[in-house]
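Each structure below is given as structure tokens.
In what follows, chain A forms one complex with chain B and a second complex with chain C.
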Partner chain A sequence: MNKLNFLKPDKNNLYVYVYTGSALLFISIFDVFLSSFFNINVTSYFPGPVSLLLPLIIGLFGLHLIRIEFSGLKYLDLLNKNINTSNFNGALTLLIIFAIIMATPPSLSWFIFDANIAGDTKEACTGSGACWTYIKVWLRRFMYGMYPNELQWRINVSFILLIALAFVGYFAGQKLKKFLTLYYVIIYPIIAYILIYYLISGGSFGLEWVETGAWGGLSLTFIVSFFCLIFCFPIGMLLALGRRSNLPTIKYFSVGFIEFWRGVPLITVLFMSSVMFPMFLPEDFFMDKLVRVIIAISLFEAAYVAEVIRGGLQALPRGQYDAAKSLGMGYWKMHIFVILPQALKLVIPGIANTFLALVKDTPLIFVVGLMEIAGMLGLAKTNPKWLGFAMEGYVFAAIIFWIICYAMSKYSYNLELKYKTER
Partner chain B sequence: MSDPIIKIENMNKWFGDFQVLKDINLSVEKNKKIVVCGPSGSGKSTLIRCVNRLEEHQKGSIIVDGTELNENTKNIEQVRAEVGMVFQQFNLFPHLSILDNCTLAPIWVKKMPKKDAEELAMNQLKQVQIDDQSNKFPGQLSGGQQQRCAIARALCMQPKIMLFDEPTSALDPEMIKEVLDAMVNLAKQGMTMIVVTHEMGFAKEVADEVIFMDEGMIVEKASTKEFFANPKNDRTKLFLSQIL
Partner chain C sequence: MNNKVKKFVPQLITLLAIILVFGFFTYNAQINMDNRGIEFGYGFLKQESSFDVQFSLIEYDGSHSYARAYFVGLLNTLLVSFIGIILSTVIGVIVGIARLSPNFLIKNTAAFYVEFFRNIPLLLQIFFWYFAALRALPLPQDAEAWFGSTYMTIKGYYVPLFVWNNLDVFLYSILAAIISILIIRSYAKKIQENEGKQLPVLYISLGLLLLLPLLSFAIGGVNLEIKTPVLKQLSATGFIFEPALSLPPELIALVLALSLYTATFIAECVRAGIQGVSKGQKEAAASIGLTPRQVLKLVIMPQALRIIIPPTTNQYLNLTKNSSLAAAIAYPDLVLVFAGTALMQTGRAIEIVSITMLTYLSISLAISALMNWYNKKIAIKEK
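For the complex of A and B:
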């Protein structure tokens, strides 16, 4: 007596609905696949609009047929629960699938099939796709800026040393564990500074002097980001504590500092640091452009970090302060052992956010004539021999920035998990 | 009569315009156990929070173990190291293990060597019977266990005075007993204690004196026997009739 009712799926004829629905869904996706990959329009004999909408309509009907609650089939239930709860959701799902299918062939052909990588002149790029030759030829410039080719090993060596030194923590024995914080907060930055000063900058030990104006590319991005991250964090922490201090001088200094730096755009800060700042300095006092930029960005980001950390401090219950005080701890002991460990743990996502923004702000240093990777792109794309390849350059830079930022965000997420404790 | 270890004279405190404590006079001798009771909002918590200056008083004087509490931060830290406190909400440090909770202050405030501090902490944890939980984190313990750990943490500073701010109010009825047992134990060892609580059974068992507070004033102060058998003030009688 079971009549097949096409419009109302039910459990009695489960497989009939599942097979019909899946078939219809497959037909609709296959149709889009054919038309975008092989340019075959099976439904071309229909009038234009119908032929365009047909896969959507068929697919929707298919999804409607397989929308059976508690079917008992694991994957079908999963599908229904997540992307096929209603007609509207089903339609969105289909549209997204269609968009992905349609976008695949053109992007694949641009990135790979029609792209060129051979040769080392502009003429080698004959395809309609990307010209990776451009990236290949300019790679050294994108990585090292104007740094002399034969001296680039110095940058490589110092970066490898720095990375190796960063992993010291993993191999430190139990006895040295307590010095790790000291190592990372104070000793490591000093080593980094010395390495960069003597190895990359040179000028002593028989190494040729390379002025900071010639530094550039990705290595400069790393140098600027690295020092800014290291400096802005402790400064921001002190500002956050200062803003909550009971001493009016410290409090209003912190408030003023934070509000000033948060109120001005980074680009003006950088401009000031290179143009205005030297005017206030004595004649014979020289401070390198790169150092001024790093100081400026650090102070700028410190204001943001301060506000993020202050949020964490405010989230802590007052009882924690009471308990620490009642045990006789003074201001610094209370903050170092009780308050900050908890507050910083709370604000890891916010700090990561600020740090990511910082890394992506570094291209702005082009206003003072420092060319990190995006700046080098700007130079390369205006080179008369290589006009017209801006797209490849920006895609390349985007990929590199994405990798850096994704790695940072993954790392922060791991930190979050590592320090998660139950309250 | 020996010198009082806590001496409060004409102490007044305001929160903004609102006067929470009015002319408090109280002296506590060494080894005495005082229970403070009264309706909520009567200022009893504020009173004991003034004793280790978690709250500042505006008028009058508080002298703890010969040290007057004033703006001098060094004095206050010294007093706080000698005065242990247990809170209603336990206030354990959630990022540290039970053992680290107990050793943190002895190591960093009293400059005790780590080994000694851990030994002391394990002893204290044994006293309150949670030495087997020492490696867990506060979030993994029950309320009663957390509060007992808080007591052990305060005792690790080897205080002369212990303050209890409604230590059982946030606990399930089943867990109240284990905490009270720990407190009774402590009282028997001769600790000077000021306890804000509604547990009248505890008061009868260990208190030397009971103080009844209402609207920021000490309404009645009497020895325990006297207080329960023969309360003088009408307000006290009413309170006792409701609570017993």
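For the complex of A and C:
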């Protein structure tokens, strides 16, 4: 038998090294596991720093021992190639594994085991974990704001209708396909406006009127993002075309407009819409706060959309313009049928990112007093009956937003793959 | 002729529309201000502000003018942006490189970090840190020391106070070090281009950066006194640490949220930049006998930086603009102090909102102008 040299593992004594290394690795992970899940510190009789670092050192030595190139064992090679290429890499691997093990019990107990969901009052929350009762009691407020409970079906109905109408495109026949763009760009927004104006706001057809100040929660987030998405896209497209126009007045107006909105933070734009804009309107002219906010956000995001679309326009080769012109197409015909379809296809990821930014920006409307979900959380948090549950509220809102945004980004990625054409 | 009309008419219409809209707005503004009895003008900036600001880098109290309040806010905004930019760059670069690691665990941890923090609205993150995470910290009297003599408490982070003598000499010495480093760098570049020799610029720079400030201590009469925080009782239940520099929790929450959020975008920029350098470059560099370090420093990084820097600057700009969310947690930044308190007191909406917007606008335009200049400088010069 060859002499074992523990600092230089080799293939000759493969199994000795692999078994010793695996055992050491197991010991180190098991030690962390014990101290994290069962609060048993096996190494407590060592001085502090040693006890803290011991699992890392043992584990590192274990990883060092199993780091044998071309061992012939499939899984060992895979392991070495992926997580154990060098000492530094091994240390990082161990640290990540330890961190996951250590973070699991506290987060599990906070989220599930020590959490409470029963009951309707603060007193029902006796555990040391999260108080989901708070979310349960306030759920309607987080979703619908101050909208009266018995009228909330109106929001639900209009949202369901809007979603159903949005899917019309999938079922349209071949003959109607060419009208789809028209439908989505013009007819759909009008239907949406009518639904929201007559059903959510009410005031006619025997429906009780609900002022926009009472709207709120997640539904308001949806309404604001929805309208801003619809408005900012065409405006942004026109601005992008304007910026590339060869008519100086239009070009410089577009440049100035875009650079202005891109240069200021959204919060100042919202301030402007709420305190400065009314000064510019005739005295007896009243414009709802929500409408002003939607206009402000739409203009703001339109500038970003414009820059994204401009990127797509610039990426198209000149030949496309020349070819369209040589067919005798005018400016608008050329852009609608030749240039924009190709340019927009190129910038799908950029547009999706802008829309994502828009959805993430909507909570900002709380600075002008509109109570969407962040605003409702602030309200709930300061309610004397429910003090001290800020964490649950923000975690809840974060989870909801995360799901929405992540779904959007995955969808845009699929869209990108779907429309990818070889050029 | 026809062509001329075609070009002229749309421009005329745009121009008329702009003039009409602006005229309409100005006219209404005039009437509205007359009705409220306020004159348009920036004279109010010299008036006494008579409000206090919690956290200020320059001396300020209610007896100072609105103009000084503006500078207090601006400096606070710049402070947050500066710390945020540094932190987010450090995190972003590490995460960006980690996303390219061959190590499966590291790669996925980095990807998880990016996907997690990128998809949660920044405002919620700020609220989370401020209202949930930092509120869980101990009171000053219960706080344990971090790193020996700093205290993280619910009232803020207390760090030792540095009392400088002849601070200006020290700053000059740092300035001198930076200037000499720049000179040495350009000299080293020249030598490398002409003779192919490489000077150890990094060690020389570090040495200079250490040596000159040390010299200023030895010769320049600079003196540094460190005062460690000691717990002091104000009332029966009120404790603070003194003498200490206290970083308010608003600042900490804001910096944490801003840098963790922006770092995800910077990480993506860094990843894209490194991936954007073609593999052939690396292989070619290795095949002419450069060491891995030289490959990274002389071949990969210069090309990757060309891709990384423009979008990263954009993110810095976004961070600076996003720092205005400070208003939501009452950190006294430009928006809160000026567009909030000052506006509320004076009622001069048009003047104050326009100043605030112009400030942000000029920061943005200045940085993008700098960026364009830099882009031109580093662009591949084709002959």
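Following the convention adopted for this analysis, the second predicted complex is superposed on the first by the 393 of 423 C-alpha atoms of A that agree within 3 Å, B and C clash if a C-alpha of one lies under 4 Å from a C-alpha of the other, contacts with A are read in each partner's own complex, and residues count from 1 in each chain.
Keep this in mind: a contact is a pair of C-beta atoms (placed from the backbone, for glycine too) under 8 Å apart; a residue touches a chain by one contact, two chains touch by 3 or more.
This is a predicted model, so every value here is computed, not measured.
Chemist: Who touches more of chain A, chain B or chain C?
Modeler: C
Chemist: Regarding the shared-chain residue A:345, is it in contact with chain B (first), chain C (second), both, or neither?
Modeler: After superposing on A, A:345 lies in contact with chain B but is clear of chain C.
Chemist: Given the touch rule stated above, what does A:272 touch, chain B (first), chain C (second), both, or neither?
Modeler: Second partner only.
Chemist: Report for A:333: first if it touches chain B alone, second if chain C alone, otherwise both or neither.
Modeler: A:333: touches chain B, not chain C.
Chemist: So in the superposed three-chain picture, is A:325 touching just chain B, just chain C, both, or none of them (first/second/both/neither)?
Modeler: First partner only, chain B.
Chemist: Considering the complex alone, what residue numbers of chain A touch chain B?
Modeler: 317, 319-320, 322-330, 333, 337-338, 341-342, 345, 419, 421-423
Chemist: Using the touch rule from the top, collect the residues of chain B that touch chain A in their complex.
Modeler: 49, 52, 54, 73, 77-78, 80-85, 87, 89, 91-95, 104-105, 108-110, 137, 139-140, 150, 153-154, 157
Chemist: Which residues of chain C touch chain A in the complex?
Modeler: Of all residues in chain C, those touching chain A are 7, 10-11, 14-15, 18, 24-25, 28-29, 31-33, 35, 101-106, 109, 115-116, 118-125, 127-128, 131-133, 135-136, 321-322, 324-325, 327-328, 335, 339, 343, 349-350, 353-354, 356-357, 360-361, 363-365.
Chemist: Please output the residues of chain A touching chain C within their complex, sorted ascending.
Modeler: 81-83, 85, 89, 92-93, 96-97, 247-250, 253, 259-260, 262-268, 271-272, 275-276, 278-283, 356, 359-364, 366-367, 374, 377-378, 381, 390-391, 394-395, 397-398, 401-402, 405-406, 409
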